[in-house]
Amino acid sequence: MTTKIMAFGEVMMRLEASGYKKLEQTRLLEYSFTGTGVNVMAALSKYGYQTSLLSKLPETSVGNAALSHIRSLGIASDSIVRGGEQIGIYFLEHGFGVRPTAVTYTNRKESSFCQSSFDDYDLEKSLLDVSLIHFCGISLAVSENTRNLTIKVAEKAQEMGIVVSFDCNYRPKLWNATGVNARSYYERMLTLCDICFMTEKDAIYILGMETAENELTKQIEDLLVKVLEKYQIRTIAGTIREKKRETEQTIQGFIIQNKTITFSRKHTLTILDRIGAGDAFASGILHGKIASLSQEDTIEFATAAGVLAHTTSGDSPVSTGSEVLGLVHQSSADLER
Amino acid sequence: MTTKIMAFGEVMMRLEASGYKKLEQTRLLEYSFTGTGVNVMAALSKYGYQTSLLSKLPETSVGNAALSHIRSLGIASDSIVRGGEQIGIYFLEHGFGVRPTAVTYTNRKESSFCQSSFDDYDLEKSLLDVSLIHFCGISLAVSENTRNLTIKVAEKAQEMGIVVSFDCNYRPKLWNATGVNARSYYERMLTLCDICFMTEKDAIYILGMETAENELTKQIEDLLVKVLEKYQIRTIAGTIREKKRETEQTIQGFIIQNKTITFSRKHTLTILDRIGAGDAFASGILHGKIASLSQEDTIEFATAAGVLAHTTSGDSPVSTGSEVLGLVHQSSADLER
Amino acid sequence: MTTKIMAFGEVMMRLEASGYKKLEQTRLLEYSFTGTGVNVMAALSKYGYQTSLLSKLPETSVGNAALSHIRSLGIASDSIVRGGEQIGIYFLEHGFGVRPTAVTYTNRKESSFCQSSFDDYDLEKSLLDVSLIHFCGISLAVSENTRNLTIKVAEKAQEMGIVVSFDCNYRPKLWNATGVNARSYYERMLTLCDICFMTEKDAIYILGMETAENELTKQIEDLLVKVLEKYQIRTIAGTIREKKRETEQTIQGFIIQNKTITFSRKHTLTILDRIGAGDAFASGILHGKIASLSQEDTIEFATAAGVLAHTTSGDSPVSTGSEVLGLVHQSSADLER
Amino acid sequence: MTTKIMAFGEVMMRLEASGYKKLEQTRLLEYSFTGTGVNVMAALSKYGYQTSLLSKLPETSVGNAALSHIRSLGIASDSIVRGGEQIGIYFLEHGFGVRPTAVTYTNRKESSFCQSSFDDYDLEKSLLDVSLIHFCGISLAVSENTRNLTIKVAEKAQEMGIVVSFDCNYRPKLWNATGVNARSYYERMLTLCDICFMTEKDAIYILGMETAENELTKQIEDLLVKVLEKYQIRTIAGTIREKKRETEQTIQGFIIQNKTITFSRKHTLTILDRIGAGDAFASGILHGKIASLSQEDTIEFATAAGVLAHTTSGDSPVSTGSEVLGLVHQSSADLER
Amino acid sequence: MTTKIMAFGEVMMRLEASGYKKLEQTRLLEYSFTGTGVNVMAALSKYGYQTSLLSKLPETSVGNAALSHIRSLGIASDSIVRGGEQIGIYFLEHGFGVRPTAVTYTNRKESSFCQSSFDDYDLEKSLLDVSLIHFCGISLAVSENTRNLTIKVAEKAQEMGIVVSFDCNYRPKLWNATGVNARSYYERMLTLCDICFMTEKDAIYILGMETAENELTKQIEDLLVKVLEKYQIRTIAGTIREKKRETEQTIQGFIIQNKTITFSRKHTLTILDRIGAGDAFASGILHGKIASLSQEDTIEFATAAGVLAHTTSGDSPVSTGSEVLGLVHQSSADLER
Amino acid sequence: MTTKIMAFGEVMMRLEASGYKKLEQTRLLEYSFTGTGVNVMAALSKYGYQTSLLSKLPETSVGNAALSHIRSLGIASDSIVRGGEQIGIYFLEHGFGVRPTAVTYTNRKESSFCQSSFDDYDLEKSLLDVSLIHFCGISLAVSENTRNLTIKVAEKAQEMGIVVSFDCNYRPKLWNATGVNARSYYERMLTLCDICFMTEKDAIYILGMETAENELTKQIEDLLVKVLEKYQIRTIAGTIREKKRETEQTIQGFIIQNKTITFSRKHTLTILDRIGAGDAFASGILHGKIASLSQEDTIEFATAAGVLAHTTSGDSPVSTGSEVLGLVHQSSADLER
């Protein structure tokens, strides 16, 4: 039977100015629906898994369009509760060269999801037969309500024996706006999760940890092995980005299991659309775990998935498993020549 | 010197599905900025007046795009205060034939304008040299805050000797949502205004009036002449719509001054975009008043302006004064045959 | 539990010239995926049913896009088998006024579906828990292969106690091209089906029946009641179209059950996109049957669904149940005035 | 061998605002190339004739695009001389309902064509094997230069035994701007042409003729038979338009030969794009003449061609001969019912 | 008199997803018509030659659009036979960075061209006055029918004393699908042709040749000079591509005549649209031959034409001769600095 | 009070082919309005200044669209005179890689502006309260009329004590076409201006100066300090571009005041749209002058503004002051690492 995977989180509308225009230069916007959960599930459904989303959407034409879009990505929508009135929106103006991409959020806190309560969801039914559920740190940040909701859903999932995946996705700006200290919430999620996406920065800035190492890869190994042990996490993964020059970056993935760190080969990036690339990486790690790939194969697959997500339009990854493997092997082929 | 005219009110973003599609059928939206004030001022600037808007917009790329759009309509933006975070948005799905046009509002109460306070505005400066200021009943309905704000600005304008124009624009759905009784607020605005846009329905449903007349035109005359006298309003105007069949409507304007009602000729409508047509009618009445046209000329101009606004895209009227006159005269020509 | 409904049939790509252009006038085409089965299921999923499609699509990027589109319509894709190489395509040039809409088919016989065999499908699994399955007469016409396949699937469905629905959709052009006599195949489907969509023309031209009646409604009643009895069909339904003048048509639905015919009220049509309107009508009848509506309510709902489908873009109906009811009631409201 | 037909005249760029927008409401324009000659030749190439254009275009990317567009219409471009610097442009804003279509010309007099001289063209070579050449009255109006050029080319054509066709296309606005009296130039063309497109208005306003008849069809017959005789023209044809109401017009064609007038049946129009419809009518008459159709068949074909041209986008007719015949016969079918 | 050049081959429809989207991410496709013959002729008509295409297209609106498009490229369509029902289509999804461009073919074997027979064409008439005719190896691969057809047309052309040009365009995938050995067919074409486009890979994989050389340029010289002699070919030309890194390639052309190889300078490529670049190179060689350029000038022109074709949209080259020369000279200028 | 800045100059329509297409490859053009004055004012209004344009536009729908567009950029339109009939147009085909961008001008000399006379403008009123006025050398070149007009307006401005800014913008092609010697006109403008934009090339080719220096930066310093002294100019500024390879350029700004030259840091360019970048640089210098920034801060701001203008669509700069500062500081941040 196909493995069932779920994500819990917000669905947002993405409204982007065409080409490389600023909003004021165009009267046409292209739209789609997104969110960490949507993106990770979209990628996993491309790899052949049965995926679904646990969220809440308004009963309006905008909510209907969101539902239609989510389904088109191959994600089941039966666990999406309907109600409330609004959906978070973000406006996207693509940058070019030295000009950065600009994002304007609107209406996030008033969204159906952000105002949903634990009782809105029928978890017994929704989580039935689910093997793995993915959470995102942004849900912790948005509001007091989603903060508590996220933890309660994660607790319920753990209780039901479901593998819990958590992407730290720490956004200082959102936390500062709330005036709440992020640490205790993150620590709760870390004890609940089996798979965690984080970097050395999260260990330092959220958990207040320190390291005596100087080199970046050493810092990562030192800090995150400690995190792995302290919070009894089975897998920690993340990426290292380096900016080479104006238009050239490199990306390298790492994965830690059983206190051992493995790095992927380093890819040079060509960026079409940066947003959602971290979610593609996460989806690759989850695939590696569920399909019981080796630690090496897992990190190569996940990093290649992340790299490809920079070369496709939209937040949600659209590369199939065989396209990702194509990049994994092309590279090794390149090395063999 | 050119006459300065101002409107006070909300700026909203209009996001419309292309063609006659529903949101879920397209990924492209066309956007513009609108609002009663924007629309009435846009029309008046087409007739050659110096117009400006008193409102509040966020300091974001969306706010910048709104500003740019408003200026492109010929409306001065110096009285638009910047601040807050959001802007109201409405999604538009154009109907076709028997299928009605559908509108989905989002984020209205959280908009910069709806959360603005009296002190945000420098009325002494903004209202300087202004001859006429236009208000809309929707501002009364949206929230407690805008309700009081609108009345205070109208009071200030009256105090400064500025002609006050008020369009009732009664939206029962919005009022019911607030649980507040509309009547006292409307009565306050009626005592403040010199020019009022309303119909017999407003007299009955808002003011609780009654009439013994049976025929519609008689009811209008009976009720609205009473309103004119009771609230000491100089001019009341409005339109009568009749649906002939599926795709055919007629529209006829009326104006009441000195207890005398004058009707325009009846136009048959061909509708491209219905939204904003009432604002075009209002702009025509205001033009007639400022330019001291005769009662007949005023109502013919205003009704023709309203008719033309049904034949142009977007909320904001784009017909010039000479285009409106073209329709006024074409019709009389038609009658002569 | 939600009722499960299925359709068996071809998925085609629709490529349409923008606006009212001919192909040679534009370089932009809008595309979607369609087919009788897709359309009827799309409509039923809008009314809240769990729907799915039994078909075959190639494992190419075009097949993937078809799958994504079908899911976006709310139709489950688990019973869609992958394989073969091609998909039927039709080019659409929208007519205007007296200029008719033009359709150019390509590549139909070579499609994955039209070349699929009975063994490609796992009917035991796909038909499990299905309450009703819908077939279309076009599948009988396209090729010898689909002809036999359709009948075998219908037999299997009947065997499993599933309600069988059949839309005659008689296309003389396709049948003439094959040189095969349609009658015996249609007779086989009539004995297998519980619900049948047909008109007096089908009885005359396919089944070779005759009537002594002169008036159209009498002819329909006479002929189709005989069909109902002869083939032991529970429900027969269809529509009557009348062309009033260049741009005005009327449509009226009828339904026959227990030898009794009921007519809907007559609607005047405004046509945006004619294709798929018959499928919307069929979906309305199926809804009436499953939801056990009265014969009157069923035919009013179905006819209104068909009318609305003329006012929306694309082949697949997109009106919700409440939008259809809106039109049903608006009309009765109109009558009451 | 296929008959060779040619037109002499200006090529203009048409830049149209998308949808029913005014220029200021959009930033997207669709463009094409047009002109009476282009339009008449495009239609005739659709009917299977070998057509070409005698004109002059600049050697710029705009000129290249014009050439490419003209060829795409099936018109040979070997007689188009290259040189000069500019091309006439017109901006088109589509009207809707009571709002008229608006056209803004620019740069016409400075165009390569309008500044071309007789010596630019190699008439011996270009006119070789040509059976018929079409001229347009606008060429007479634009400038002194084109006025003389047109007459010289027509004289040369007559000299070479080529059938000369001339569409009066009288534009008072253009003539008034020049201060030149149109009559003598028109009279010269009338003596040169074999086929002439004109109406009773042309006889009255250009040629200063009078009639004692009251009814329109009688006036046409009276005046144009006189013109036929006076200038020794073989065929005169034209159309009669009647505006029924806001959105409904009728059109009826007439043709005069051997002092006999024949009228086509009256068509009711649905207008998508009015421009170029007269050219489609002219092309139908020319086809009737070249193919030696009967007077009745010629005027029915030409009028149907004109009607269809109202239902297609763009100036240039795109209906094939069989599509025109479809409308001719559909109508007679309609009459038989 | 202008030299007449012809190509024999298939016309395909190219349907491309907008921007860098995958099919499933968009509902808009841009389309054009293409094929090796179309592309080479389009380029040559840009250099001022009289070009035409020998092919077959269906009598449908799609066939009409193809004809119109081909003419717009400056290619004469008189030798295009009409008939059959279909046209090959390919779907294009543009790659970005490390993500490769993806092409999905459909309906190729069923196309009018691929099912056309020798008798469909009137070669005596079509080939009259033609100086050179171009063939493509893909025609050999598609089906038994086109294989034989191509050879028969080439034989006829040789018989009539027309220069025969042949581009090997070896596609192992297509050949493997047929199970036919390519060698004998290629050998036949090599004996028929005067100009051949091939690389060292073709000599090795198609003709089974071997070389003792190690360096690529030496291998090319060794193998292709042998081919030149063995098959009595006057000119062999081809290109060498090197991938420098992710987004950087170089391209260099070579030409062999009289046993002498000449290389062009090496260009660094910036790729907008790779498809059709080989055809632009071929057109440059043909131009060099017809215009009797020196071997050096020929290979510089052809390589520059190929480089420019990477920088323009669409399969068909659109650069003029002077634009190609611009790049030829700019580069030498660059070297002088 | 906000500083008032004005520009005098032509408004042109820019019509660009979509994507990287040539005109003949598309039927869609995007349009905007531009001109040196428009661009410099647009940028300055983004930095918070009150800007306006002194120009002339026709009273047509094209002129209205221009006015609307100019206002949308935040530029006041009260000093734009209406009249005349035409507007200059340029067609833009974006280059890609080695393929250069192509521009085709049309109709320039016949534009309302180019045919406007000194008396068309009410300079007393328009220049009132203006602190600075910007001129462009292209106005000197276009025609005798604009040549004299520009100088008269500059003289009037100087007379009224307004700071005069002048961008040499020397276009040899335009001057050669007129056959007039540019030098005396430029010398007159140099004596009138306080701020001048020029490079060493202008000194050499326009003013006929010479230098003994070999290195470019030395040549600039040598020549332009002499110009500064000779013509009593307070500030001279310009940029140095270096082409590194195919797709990489660097740009560096310089400013000369009190005989001292200051260079900005060198930026590496990524080019989206080159046109208008020089105007962005000029706007930055003007901002530095008006806001009394240091010489270093001024040149860094101006160069960063120029760099950003290469990364945005359209001629008119759209970056805000804080976005420009973002690039200024990011770079210094980059240096600190």
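Chains here go by letter, A, B, C, D, E and F, matching the order in which they are written, and residues are numbered from 1 within each.
Simple rule for what comes next: a contact is a pair of C-beta atoms (placed from the backbone, for glycine too) under 8 Å apart; a residue touches a chain by one contact, two chains touch by 3 or more.
Keep in mind that this is a model prediction, so the values were computed, not measured.
When the contact pairs of E-F are set against those of B-C, C-E or A-C, over half line up by residue number only for B-C. Rotating chain C by 180 degrees superposes its CA atoms on those of chain E, with the angle stated to the nearest 5. If you compare C-F with B-F, the chain pair joined by more contacting C-beta pairs is B-F.
Annotation: 63 Å between the Cα-based centres of chain A and chain D.
Centres computed as Cα averages put chain A at a distance of 46 Å from chain E.
Between chain D and chain E, the centres computed from C-alpha atoms are 42 Å apart. Shared interface positions of chain B, defined as residues touching 2 or more other chains, are 22, 24, 27, 64, 68-69, 72.
If the chains shown are joined wherever they touch, the resulting network links each chain directly to all the rest. Listing the residues of chain C that touch chain A in their complex gives 67-69, 71-74.
Against chain A, the residues of chain F that register as touching in their complex are 72, 267-272, 307-308, 310-314, 318-319, 323, 326-327, 330. Residues 26-27 of chain C are the ones that touch chain F when the two sit in their complex. Interface residues of chain C facing chain D in the complex, by the touch rule stated above, are 19-22, 24-25, 95-100, 245-247.
Of all the residues in chain F, the ones that touch chain D in their complex are 15, 22-24, 27-32, 60-62, 64-65, 68-69, 85-87, 89, 91, 93, 102, 104, 106-107, 110.
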